[in-house]
Each structure stands twice: as structure tokens, then as C-alpha cells.
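Got a structure here, written out as C-alpha cells. Questions coming.
Think of it as A, B, C, D and E in the order they're written, each chain with its own count starting at 1.
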Amino acid sequence: MSSLGLYNYWIVIALMMVGLYAVIARGHLVKKLIGLTLFQTAVFFLYISMGFVHGGAAPILSEGVAVYSNPLPHVLILTAIVVGVATTALGLALVVRIREAYGSVDEDELERMDSDA
Amino acid sequence: MTWLQLLATLLLGAGSLLLLLAGIGLLRFPHFYARLHAAAVVDTLAAALFLAGLGCLFGATLGTVKLGLILLFLLFTSPTACHALARAAWVSGLREPAQPGEPPPSPS
Amino acid sequence: MSGALVTCGVAVLVAMGLALARALLGPSVYDRILAVNSFGTKTVLLIALLGAVAGRADYFDVALLYALINFVSTVAMMRYCESAEASTAPEPGTGGSEPGESAEPSP
Amino acid sequence: MLVTALFVVRTRDLLAATMLLGAYSLLSAGMFMVLDAVDVAFTEAAVGAGVSTILMLYALVASGRFERTPTRPQWLPLLVVLATGAALVWGTFDLPPVGAPGNPVHQHVAPRYLQQSGAEIGIPNVVTSVLASYRGYDTLGETAVVFTAGLGVWLLIGGLQRRGAAAPVLASAPHANLILRVVSKFLIPVILLFGLYVQFHGELGPGGGFQAGVILASALIVHLQVFGADQTRQIVPESLLRVLAPLGVLLYGGTGVAGLLLGGNYLDYHPLGRTPVGGQHLGILLVELGVALTVSSTMLLLCYLFAARVARR
Amino acid sequence: MSAHAQLLIVLLPLLAAPLAALMRTPDAAWALATAIAWSVLSLALLLLLQVQAEGVLSYAIGGWAAPWGIEYRLDPLGALLQLLLAAVAAAILPWTRQSAARELERARLPGFYAALLLLQAGLLGIVATGDAFNVFVFLEISSLSTYALIAMGRDRRALTAAFRYLILGTLGATFYLIGVGLLYALTGTLNMADLAARLPAVADTRTAHTAVVFVTVGLGLKLAMFPLHAWLPNAYAYAPSAVTALLAATATKVALYVLVRFVWTIFGAEFAFGAIPLAALLGVLAVLGMLIASAVAVRQDEVKRLLAWSSVAQIGYALAGLALASGAGLAAALLHLANHGLMKGALFLALGNIAWRFGNTRLSTLRGLGRAMPWTMAAFVAGGLSLVGVPLTVGFVSKWALLQAALAAGAWWLVGAIALASLLALAYVWRVVEVAYFEASESRDLRCEAPLGLLLPTWLLVLANLWLGIDTRWTLGLAEAAARALAGAGL
């Protein structure tokens, strides 16, 4: 963990792009949500990497520890994780409904059916 | 190095070794039921040894109690999960692959 | 002492890698569940190890949570398989994406 | 980790993708641990590997497991993704290096939390202090988001009268797996206890209302998985959950209003106790209770709703 | 109590939502929601007066001072926006009762009102806050309730529309989050005023530039900026009528507000327009959006969809105003924001009346409606004229302001584009008018006007349209004051 430098950010960005690709390119609606989750998790990493202090400890005050990592990004990301799962749940509910209404969960097929209607 | 530390090292070493073996087994064994052994049996023992080793390191503190809890929990859940898994696989009709030459068993 | 701990950490990581490889390879769903479960167990150990290195008992709470979640999700996946086998066969024209994937019950 | 992510995206077997997403989630939680974010790791594991995996499994039962081979051209999305990635990488070149203590992030705002919160709020877990007090309003918003999601899902797939005993899937009682049942019976109280511990230990160590809520819910989710939704519903009826979820938000909001009425600003806990620190303690306790209430009931409600909907098919 | 008004305006709907969800009967939930909407309106008026008297208001939530706690901050722009949101909601909620009762299942109505309240709380919260991350949280409250509300539409296409919006909206919010994260990494703060103060020191970094891009793209997705508008038409077309009216009048406006807030307050206009070719980019996209979306609107057969496309075009006008990067352009854009909210609210309510009666709003349904539903159609025509920009309507006022700003900036391209887009607007409004008034329908000679409970709120908004179109001092003054506060006297 000594010479992270910017390297950490690049990994994070690569992960983000993988997720983003799944969202844009894949047709299955659940897959899109999976991609969204990946994408969001990568963004969480971006924040947590920012908050990391080399040689620091987790921000729980205890005696004999002088350097802590930054608690603020942790708080923000806690909130963001919750928001993420809320979105996923709602999206999945929509998927279930779409499947019932259309009999398909593939974006291309859905579009075809919509344009026929 | 006190005897406690020595014990910890021994336990941790054995645990690590078993973990690796379990991993290799999981990867290399030919079919599901064989792999199940690697994961269910060896993994559980390895985890137990590992946690016991860490417990020795910590001495008599709250941390050790927590480790004990984890251990207990794992001892309960891991075999249960594996048992249920095997059962589910069996019920769903997963069978060992046939020997060359034999006809494949028909899924029930 | 820390040297030994680091060695252990590496061992756990390698074992995690092996489990992950099995999870990626499949071939049956049950293999994957098994591998993911085993992977989870190793994560628990890793977190416990981290806690020991940092000398903080707080981490063990997290490890306990991991063990718990691992159990919950394994059971959930199993139930999924049991019911999915019964109700939904692979959809026509959609399966067969990867060899060995579509024909679940047969070897 | 990248490998896992790539595989999750590549495979067309969505079941495998979901399972690996769970593993990926555990892995990221491990990384969060390494980066000192204990609370985040806690939450990510509970949510990513736990709740969302289970919900996704339900959705998969409803929507089929395999993905079609993509038919549309793939180069356009790839281009978009690469452009975005390039922009981001370009942007990082002027970012301060990861982990250096001199970064602006560690110089401004945050030091106050680390140095003062011990005296101002009096609890060791700084993350909890910031979460529940300094930025308590964000957390109220977060609780509202959870409530919104529960409400939204209920609006979409809830409130169905079940028609007879139509072939239940996932919600059914399994064909008596004795060992699983017995072990679960032992485990569920333990999990509940652990949840309570996390709830009230959140001020000292990692944990807090949200994580506790998920753990409490997951105890009942185990029950649901093993004994079937009908039995779980008898213990915790859906109507109860639909009352508890809004109550949690109201408890949180009400704590803030109490501060308001006692002469402070909204969500100011100081006036609640005899001493400012005591007030903070009480405020945080109440607020975390509100979060746990909303989160646990919403999560369980989500599972009920999905299970019932899927069973109807 | 007035010291806390700034907070209460958000808190009331936020806490009323769980209460509404607990209600048993739809009418009780509706009554609660309406009462809240009207008290929010009075609070908004109160706050506007307060801002005019005292300048920028600040409220420290939790008693923690600004960069450490979350601050609520209200300036003239925020007060204007809050007033718009409150007024539109206050007019639409009374209307909702009969409409929703017909379009939705009874058992879901309390939840429906709870979601409406959450939507309102989310939008108001975005405007009220002075914290960049708090914006994200409230953005998600409003978005999640929006997704659910859209999906409650009767047509199954409402589901796919909601899903698409969910994906794109979440991507937008996540992009915004990345942008904010980068800014945070540079400055170490999330408070908007604090960001603005600390940003110039690090403005000349690539990271700052990237942050501008990500925030802009993310918000562009939410506000349906031209190439990123894919979610909007279907979402508006298939949502329940009341939801469409509320969304069309408010949601994209709020996203645009955040963009304005970021560009002018946080980045500073000079940096934002200097760092990346934001002006040119916004200008081109605005003009393209205006023209293409208007052209698409002309060809629609479903009037709700037609108006949805027109919304995309109208967003173009507001963006064009921003692209001028001048105080006058900004004022015109803000004015258009508010005015468009009023006219789209009125138009969608009128359409909702038709949907209430006939269950759909296809062009063929409207045949002969000029005689059958005279009041509703008159309201539609008044709104339509406003959309075209005929004098004596609000549409004229803001277009005129925009034209003047464009002329002052020497932006002839924009003048041409506005003229052309207005012609197109005339074309699509005329299509509806023609069908409604000049094509007789044999089967329907009877009067079948909507009930008073629907007509009154509709006409309330129409009259606001006309009145503010004739007496322009008040709105113009407000918009200019807001623009001055943002851009400073110099611009």
C-alpha cells in the first residue's frame, strides 16, 4: 500500500467504465441494474480513496492513535450506498412489472413492442 | 516468543496451509460432490484453526470473545449451508459424471 | 510475528483467488454457490486477520457480519435454484450462451 | 477485482452474474476495510452482498435467467464509455495522490470532526458523530430515500390479494430440510441479538442504525427463506411493517422538531439533554432508532412484496 | 416561527409524506397533501418577502456552522424557484383529487399522495440547500418518487418509460456525484459558498475542468438537455395526468436551477465559460434542441406526447439564455423557467381534463371538443398561445426578454432560431386547435365539460399566465433581481 499514487484512481475509473458499459450496451434490464450497481460501487471507491490517509487508522477515536482517515467521505458514501440499494430495489420492482406486462425484459424487444402498439 | 505465540503461529500456519489445500481442491477436483468436500470439510477446519490462532494472539480480551463468536457462527453455518447445498443439488438431479464408457445417468 | 501474519494474509488471498476462479468457471450453479460461499468464508478470515494486524477488536464485528451475510445469501441462492428448477426452464432461444451452462442437470 | 467485474458484465447467465456481484461486493467491502472505512465496509457487505443479491434473485425468478445475445451494434456504447473514461483519467492527473496527509481533503472541514467531536459529541466513532449530528440532515434524507423506495415498490408491486395456494415459488415452505430448519432456529435469535448489539454499539465501534436495521431484517429474511413467507408473515405481518416504516422517518424528523421546539435549530440535539453532550447522546440514540426502524421494516417489506409477487406467477 | 420558515418549507412535505402513507382513506391523504401544499405556498411567499427585505438567508441545520454542518441558503433565485414550485403544486393538488380517483386504484391513493409529497419535498430541498451533497440526497428523494409515480400510469408503456428514466436519471445523479467528488478532492469542502471561495485557488487544474464537465453532463441528463432527453417524452406521455402536470412544471426546472447554481455561484461564470467552451456547447445544443424537438412535436398524434416534445424544445430556450453568458440572458432564462412552468402546468391540466373525460388524449379524440368542452379547450388555447409567444401572455414576455438579450449580445443565430422555433410551435398548437374547433364530430354534439373541481385549478393557472403576461413588472423584477444577485452588477 506504499505507493498508491494515482494508480488507485485509475483502477477505480476502469471499474466505473465496466459498469457504465453494461448499463449502456446490455439489453437485459436486470443486467443494466447490475451494471448500475458496479458503476456506483466504483464511485464509492473514488470517494473512499480520497478519504484514505496513509498510515492513518479508522476514524474511531481511541487512545494512542494520532492519524485517522477522513471520516467525511465515509459518511457520504454510507448515504450513497443506501441510495443505491433503494434505486436498485425500485428498478427491480419495475422489471417485475415489465415482465408481467410485456412478457419480456429485453430492451430491444420492448422497444419493438412499444412501437407496434 | 512465548508459548502462546508459538501456538498461535502453529495454528495459523496449519490454517493457512489447509486453506490453500481447500482452494486447490475446490479448483482441481473433477466434479461438484468432490469439490464439496474440499469446501465443506477442509474449509471449516481451516477457518477454525485460523480463528483459534488469532484468538491466541489476542489473549483474554473482548476481541477473543468476538473471535469465538465468529468461530461458533461459522461452525454452525458453513456445514449447514454445504449440506443444504448438496441436498439441493441432488434433488435437482445433479449427478457425478459417468465414467467413460458408461451411459450417463438420467436426471431424476 | 507480523511476518507470520503477512504470510497468512497472502495464503488467504491466494485461497480467495482459487475460490473465485472456481466461481468463474462454474460449470454448474451449485459449483458457483459453493465457491462463492467458500469465498465468503475466506473474506471473514481476511477481515479477522486485518483486525488482528490493526489490533482492533472492532473489525471482528464486521467479520461476524460477513459470516452472517454469507449464510443468508447462500441460503437465498439455494432456494432460488430449487424453485427455479421447478418453475422456469431456460427460455427457448436464449440459453446456450456458454457451454455447460444451459444444460444444468446433466453433467 | 477487475476480473470479477468484467466477468459479471460478460456473462449472459444472469444468475452467475448476480452471485458474482455478491462476491464482488464482499471484495469491495474488504477493500473498504483496507482503506480504513470500517463503517462503509459494514454497510456495503450488508447491502451489496445481502439485500440486493436477494432482491435480484427474486427479480430473476420473475424475469428469466438468460440474456439474449446482443443484436445491436456495440461500438457506440464502447465509444461513449471510453470517452468518459479518458476524460476521467485526464482529470485525475491534477488530483492529489491517494493517501497523502497533506491533501486538501484532510486539511479543511474534516480535522474539526476528528479533533472536536470527542468534546462536542462525546462518542468515539467519528463517523457516527458526523452521520447523525454534523450532517444529520443528510441522514434524514437518506432515511426518507429508503422510505420512498419502500413506498415506490409497494405502489408498483404491492397490495395484491393472493389467489388461493397457486404454485408458490421461493415463498413456499421447503420440503423439510431438517438440518437447515434446526440450525436456523438457533441462529435467528443470535442474529437478532447481534443486530441489537450493532444498534447500540454504533457509537463506540462500527455500526449504527442502518446496519442494525439490515441485520435485523436479514434474521427474518432467513426465516422467510427457510420456513416460507406465510409463516414469517404470521410473526411479522405486512401491515405492521407498513406502519413501522413511516414511523421511523417520523421518529427521526420528530427528534429534530423536538430540538426546534426547545429553542434550537432543527436537528440541534443540544437542548434535548441537561448538558449539551448529553443532549447529543440522546439525540443520536433516537435518530439511530428511527433509522433502524425504517430500514429494517422497509427491507423486510421489500422481500415480502417481491416474494408475494413472484409467487403469484 | 418565521426564523425557521426556510427549513419548514422542506420539512413540512417531507414529514407529511409518512403521515399520508399511514392514512386509511384517500380523501384524508389528499386533504393533508393539499393543506401542506398551500401552507408551503404561504411559506414561500413569506420567504420571498424576507429575502427581498434582508438579502440572502442562511440557516444552520443542527446548529452546526456552515462548512461543518449542512446549511440552508436562500437567495432571490432560490426564493423565486421555491415560489414557482409551491404555486404550481398548490394549484395542481386540488385538481388531483378527481383525476387520480379516476386514473388510479383506490387502495394505492394514500401512497400516491405520499409520493407526491416526497416529490415536492425533494424538489424544494434541492432549491433550499447550500450543500452540494445534500443536493444529491434530495435529488434522489425526488427522483425515486418520480419513477414510482410515472410507473403508476395506466398504459404499460409507463413502465418502460419509468425504467428508462430510472437508468438515465441514476446515471445523471452518479455523474453529478463524481463531479462533486472531484471538487471535494480539490477543496475539502461540500458547502457551496465555501466551495466558491476555495475553488479559484485550484481552478486551473484539469481536475476542476473535469468536474465542470461531469456536473454539467449529469445535470444535463436530469434536465433533459437536447441529446440527453431520451427519457422525457415517454415519461411525460404515460404518467398519470396529475404527475405529468407537476413534473412538466417543476422537475426539469429544478435541475436547470442546480446547473445555474453551479455555473454562476460555485464555478463562477468566468471560469465555467472560460474553462470549457460551455457557451458554444450549450448554445449549439439549445438551438438543436429547440428546432429538432419542435419539429418532432409537430408530427405527434398524441397531444400529451406533443407537449412533452415541446417541453424539450422549451428547455432549449432556457439553455440558450444561459449560453449567452450575460446577465440579461440569465434573467431571460430564469424568467422563461418560471413562465414555462406556469404554461405547461396549465396545458397539462387542460389535457388532464380531457383524459379524465375520455381516457386518452389522442388527436382524434379531440375532434369537435371546442364545442363539447369549451372551457377546457379555451384554457388549452390560452396556454398554447403562450407557448407560441403571442403578446399578452407569459410566453411572450420571456421570449421578448430572450430576444433582447440575444440582440444585445449580437447573437443573430439565436434570434433566427427563436423565430423558427416559434413558427414550429405555432404549427403544433394549430394542429390541435384545428382539430378541436374546425373538425366537427357527428357523434359528440353534447356538452361534456369537466367538473368544476378540475376546471377551477386549470383556469387558475391560465389566469396566472395571462395576468403575469400583462403585468410584467413583478416577475421581470424578480428574475432580474435573481440574475443580478448571481452574476453581479458587472455582467
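Structure notes:
In the analysis below, contacts are C-beta pairs under 8 Å (C-beta built on N, C-alpha and C of every residue); 3 or more make two chains touch, one makes a residue touch a chain.
None of the values given here were measured: they were computed from a predicted structure.
Between chain C and chain E, the least number of touch steps comes to 2. Using the contact threshold fixed earlier, the set of chains in contact with both chain B and chain E is D. Summarising the inter-chain layout, the chain whose CA centre lies farthest from the centre of chain B is E. Looking at contact counts per chain pair, the maximum sits at A-D. Per-chain CA centroids place chain A at a distance of 13 Å from chain D.
Taking each chain's centre as the mean of its C-alpha atoms, chain A lies 28 Å from chain E. Each chain gets a centre from the mean of its Cα atoms; for chain C and chain D, those two points are 20 Å apart.
The residues of chain E that reach two or more other chains are 133, 137, 140, 144, 147-148, 151, 178, 184-185, 190, listed in rising order. Multi-chain contact residues, meaning those touching two or more other chains, occur in chain A at positions 20, 29, 50, 57-58, 60, 62, 72-73, 76, 79, 83, 86-87, 90, 94-95, 97. Listed for chain C are residues 33, 57-58, 61, 64, 68, 70-71, 75, 82, each touching two or more other chains.
You'll find the chains touch as A-C, A-D, A-E, B-C, B-D, C-D, D-E.
Within the complex formed with chain D, the chain B residues making contact are 73, 76-77, 80, 83-84, 87, 91. Across the complex, chain D meets chain B through its residues 175, 177, 179-180, 183, 186-187, 190. The residues of chain E lying in touch with chain D in their complex are 4, 7, 11, 14-15, 17-19, 21-22, 59-64, 67-70, 107-108, 111-112, 114-115, 118, 121, 125, 133-134, 137-138, 140-141, 144-145, 147-148, 151-152, 178, 182, 184-190, 194, 198, 202, 205-211, 213-214.
Interface residues of chain D facing chain E in the complex, by the touch rule stated above, are 87-88, 90-96, 103-110, 112-113, 133-138, 140-142, 144-145, 147-149, 151-156, 159, 242-243, 245-247, 249-250, 253-254, 256-257, 260, 264-270. Chain C meets chain D in the complex at residues 20, 23-24, 26, 29, 32-33, 36, 39-40, 43, 46-47, 50, 57-59, 61-62, 64-66, 68-73, 75-77, 79-80, 82-84, 86-88, 90-91, 93-95, 97-98, 101-102.
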